[in-house]
Amino acid sequence: MNTTCVLSLSCGDKPGLVAQVAGFLAAKGGNITDAEQYNDPATQRFFMRVEFDPGIASPDALRAAFAPIAAENGMDWKLRAPGHRPKVLLMVSKFDHCLVDLLYRKRIGEIAMDVVAVVSNHERGAGSAGMLEGAPYYHCPVTRDTKPQQEGQVRAIVEETGAELIVLARYMQILSDEMAGFLSGRCINIHHSFLPGFKGAKPYHQAHARGVKMIGATSHYVTTDLDEGPIIAQDVEAIGHRESPEELVAKGRDVERRVLAKAVKAHLEDRVFLNGARTVVFER
Amino acid sequence: MNTTCVLSLSCGDKPGLVAQVAGFLAAKGGNITDAEQYNDPATQRFFMRVEFDPGIASPDALRAAFAPIAAENGMDWKLRAPGHRPKVLLMVSKFDHCLVDLLYRKRIGEIAMDVVAVVSNHERGAGSAGMLEGAPYYHCPVTRDTKPQQEGQVRAIVEETGAELIVLARYMQILSDEMAGFLSGRCINIHHSFLPGFKGAKPYHQAHARGVKMIGATSHYVTTDLDEGPIIAQDVEAIGHRESPEELVAKGRDVERRVLAKAVKAHLEDRVFLNGARTVVFER
Amino acid sequence: MNTTCVLSLSCGDKPGLVAQVAGFLAAKGGNITDAEQYNDPATQRFFMRVEFDPGIASPDALRAAFAPIAAENGMDWKLRAPGHRPKVLLMVSKFDHCLVDLLYRKRIGEIAMDVVAVVSNHERGAGSAGMLEGAPYYHCPVTRDTKPQQEGQVRAIVEETGAELIVLARYMQILSDEMAGFLSGRCINIHHSFLPGFKGAKPYHQAHARGVKMIGATSHYVTTDLDEGPIIAQDVEAIGHRESPEELVAKGRDVERRVLAKAVKAHLEDRVFLNGARTVVFER
Amino acid sequence: MNTTCVLSLSCGDKPGLVAQVAGFLAAKGGNITDAEQYNDPATQRFFMRVEFDPGIASPDALRAAFAPIAAENGMDWKLRAPGHRPKVLLMVSKFDHCLVDLLYRKRIGEIAMDVVAVVSNHERGAGSAGMLEGAPYYHCPVTRDTKPQQEGQVRAIVEETGAELIVLARYMQILSDEMAGFLSGRCINIHHSFLPGFKGAKPYHQAHARGVKMIGATSHYVTTDLDEGPIIAQDVEAIGHRESPEELVAKGRDVERRVLAKAVKAHLEDRVFLNGARTVVFER
């Protein structure tokens, strides 16, 4: 991951796109080490992720040279330089299992990111103490009445820190439409159910009442349409009749943290593409 | 399974129930080889399944002797004799993967049952040819107008065959409330989604459109409330962005047949208990 | 799958391969609909599978035109014409769950293949009756003494039928080195354990004795080194302490048949590549 | 878990055991809320776990009254008082993901235990800082030459702290036979492979070289026979051909920590019984 560039792009499909991109990289002396393409027959949209050794070419020079090709084909695109560490802002409420997990994965180098801030409507819990490694912790309490002001605070932090990705790591406040719009496309949430089942509040209690035999978690992009954003990752775990709602909550924590970590890592490695209401995820 | 009896029961909880049942069996010379109890703290209901070697006691004598204990405690109960093979009626429409699978499992002795009839609103497909082993195949076509008559036909077959369990093995007709009521408590359906997600028609197409990352299947008891009956078994499989709705249908077949087989086998072994809108399943 | 060609290839890695292949297809008027590449950093080997709409180009013309590129780069390659149905020979012993499953998947169009023969050292069981759809069933009994002759018979059938793939669908005879060599590269086996655990005979009994908490199955290419061939697919299922060796056998059947079907389908769709002792599998 | 007692026992099977135990509890005014029995037909051994509301009876009085029944039947048994928190000693080497995970689960109340000490042959890493909550951290470095002394140190800590369970949370030193014997029956290890596959060192590298399609982890009791102790829990995760040994290591961390946590929790809740070389685990 360290010495390779990643070019990720999507555009309307037409013949010759792979040849054009691959030809460009070959001409610049790049060597493709991993590549995936996908052409959605339903949306006629083309998606490509190329990991390549840039040789002596600099990322800036490659970007400048690629821009005309991108423009000509109407591409959404991004070229990530070797070793780039995206700036990430983590938001959390009372339950900090996802926060602690993401901070731990960052510390041991599993997820390459810089945590620029942690924002919470609760005071810092003991769980993440000693894990922040210098990242500032902002306590931004919120009530129904102060939500506009609090969201303003959070927006300011996002802007000041230059966060490229905002992760709602069990942030239990419903965002206003304005806030959701502001974060759209760069904000990942973890919902503690296997969507579309059990939207809304207390999904584990809903799951218990319905008597399902598996519970799950869903990581998705935040949109203005609550619990309806494009899904990045999901997983489930089997449950038995003996388990109380509280035991489902406990079991769910494991699913939540691994699903959220998977989604965040995939996003930060430019493996996730929006495709209408769905996503394309080029997995390892 | 061959030489043991199974006593299964449920009733309102009170102290001493296990002792009473176990004491009864010990007094009759039975030896418990496997037992599970569960006391639901929410419903205050007690569930018990005991597998035992009856020694020299006959099932009929045991039933007669147990009846007063059952009555005294208001038990729903059943004592299955060694080697009992329940009568099962299978219903199917066009897609016969679940039917073929159940017939195969029956043939090799994995599910102990007697298939007394196969009923379908379609003509017999080639898939199950040679698998029926003498079970009659009833072709009962149905239209919106003829549904009452067709359901009458099916009821007659159920009654004549003495079927103890009716399995909707991808029977794609919505039952009338009367028919659902008639079958209630002895009818298992397979729904091709991970309920409560994607109720209703074409769940794989719904799942594709929503962009979920796993599809599933749900086996449940039939009630008058469509897709809302108590769930017996569920399972899921991961899917990728490349898979079309048709590929989800194909992948779903595997999940459906194993989930339905698991539910049918558990029911026929008296491992499933109704607990309000939920089930208690004593798994191996 | 019907109207697209599949070009699959592997060769030593060097810069520009993707560009060369994609450029070739673009020049011929082909439109890439799905493509995956992988460059193994350890073996320095490059793997590519491209699905493309050939436009007006014929498969034969494309093959002729691509041959020089392939030769120049030392490629192992194959170009599959639209709608090609490979010839497959199935081998089985007493237990026919994998055979019945593959025949069923073929019948409903899930696996595109022509079954040219079924070969068994046992007489035809009832399970596959009515499923053969005209495929001849060869009963080739074998003893320790007659193994050379029997293997000669089987070789003759392979040659006469022109089988491109031989599937050992629970064929429980150990092949001689000569036979394994003869079939090498075009023969898939299902082993009823999660290799490398429990090699050899009676793996479920071994698993029970060891007290593992999951059992599995492994589909792999046959080589002269028993149970050591390159693995194509694996899966597992959780088990409990109550389950006897016989119950593990029953549970294992489900895993075996889905793992074997997955491997056969992937192979027949040219998604599997040998990479030393390992495989590259481009999954959906 | 808070207000109930747990009686767990095993002994040679004979008729009437369930009745005797249940009758005893009923006579003492206890109410069984959850119970499981299992009678292993192979070993003729009987296992029982009963969770019950003791009413006004004290655990000590119950133990005294039960002792004769236990003696008469040759039972291994234990009666856990409500709210008992077992003393646990955690051992770790360099990689602290399992340690951090167990400490986190303890903090939030998911695993009820008192961590009496952490022992490591490495200095305390940053990961667990702020998570120890007062538990002493013993740095006990070890070389081939100093192993006897170091193991003596660890034994002393075990004895001084009164640890009831020792968890090898990725402690990467091979224990001497004496040490393994000393800890036998009260020591749980996590092995980073799906045993019996890939015993010994660097299992993820072995798994990569063999080309398996899933990796796993195994939690087992420590015996003098390395990697051969009775298995408590196992799980796996699918892998792809793109993943390097280092990526398997990363993916494996998730499996390891959840498998170890599951085993530790089950053991501490008296759900695990030794049954020869196997275990009986009464799961939720």
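Residue numbering begins at 1 within each chain, and the chains themselves are lettered A, B, C and D in the order written.
Note that in this section a contact is a pair of C-beta atoms (placed from the backbone, for glycine too) under 8 Å apart; a residue touches a chain by one contact, two chains touch by 3 or more.
The model shown is predicted, which means the values in this text are computed figures rather than measured ones.
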| item | value |
| --- | --- |
| Each chain counted as touching chain A and chain B at once | C, D |
| Farthest chain (mean CA position) relative to chain A | B |
| Chain C against chain A, contact positions shared by both copies (same if over half, else different) | same |
| Distance from the mean Cα position of chain C to that of chain B, given in whole angstrom | 35 |
| Whole-Å gap between the CA centroids of chain C and chain D | 41 |
| Shared interface positions of chain D, touching two or more other chains | 34, 38, 41, 240, 242, 283 |
| Sites on chain D touched by chain B in the complex | 13-20, 22-23, 25-26, 29-39, 41 |
| List of chain C residues in touch with chain B within their complex | 34, 97, 100, 104, 107-108, 110, 126-127, 129-131, 240, 242-243, 247, 250, 253-254, 258, 283-284 |
| Complex contact set, residues of chain D against chain C | 38, 40-41, 194-198, 209-214, 216, 230-236, 240-242, 244, 275, 277-281, 283 |
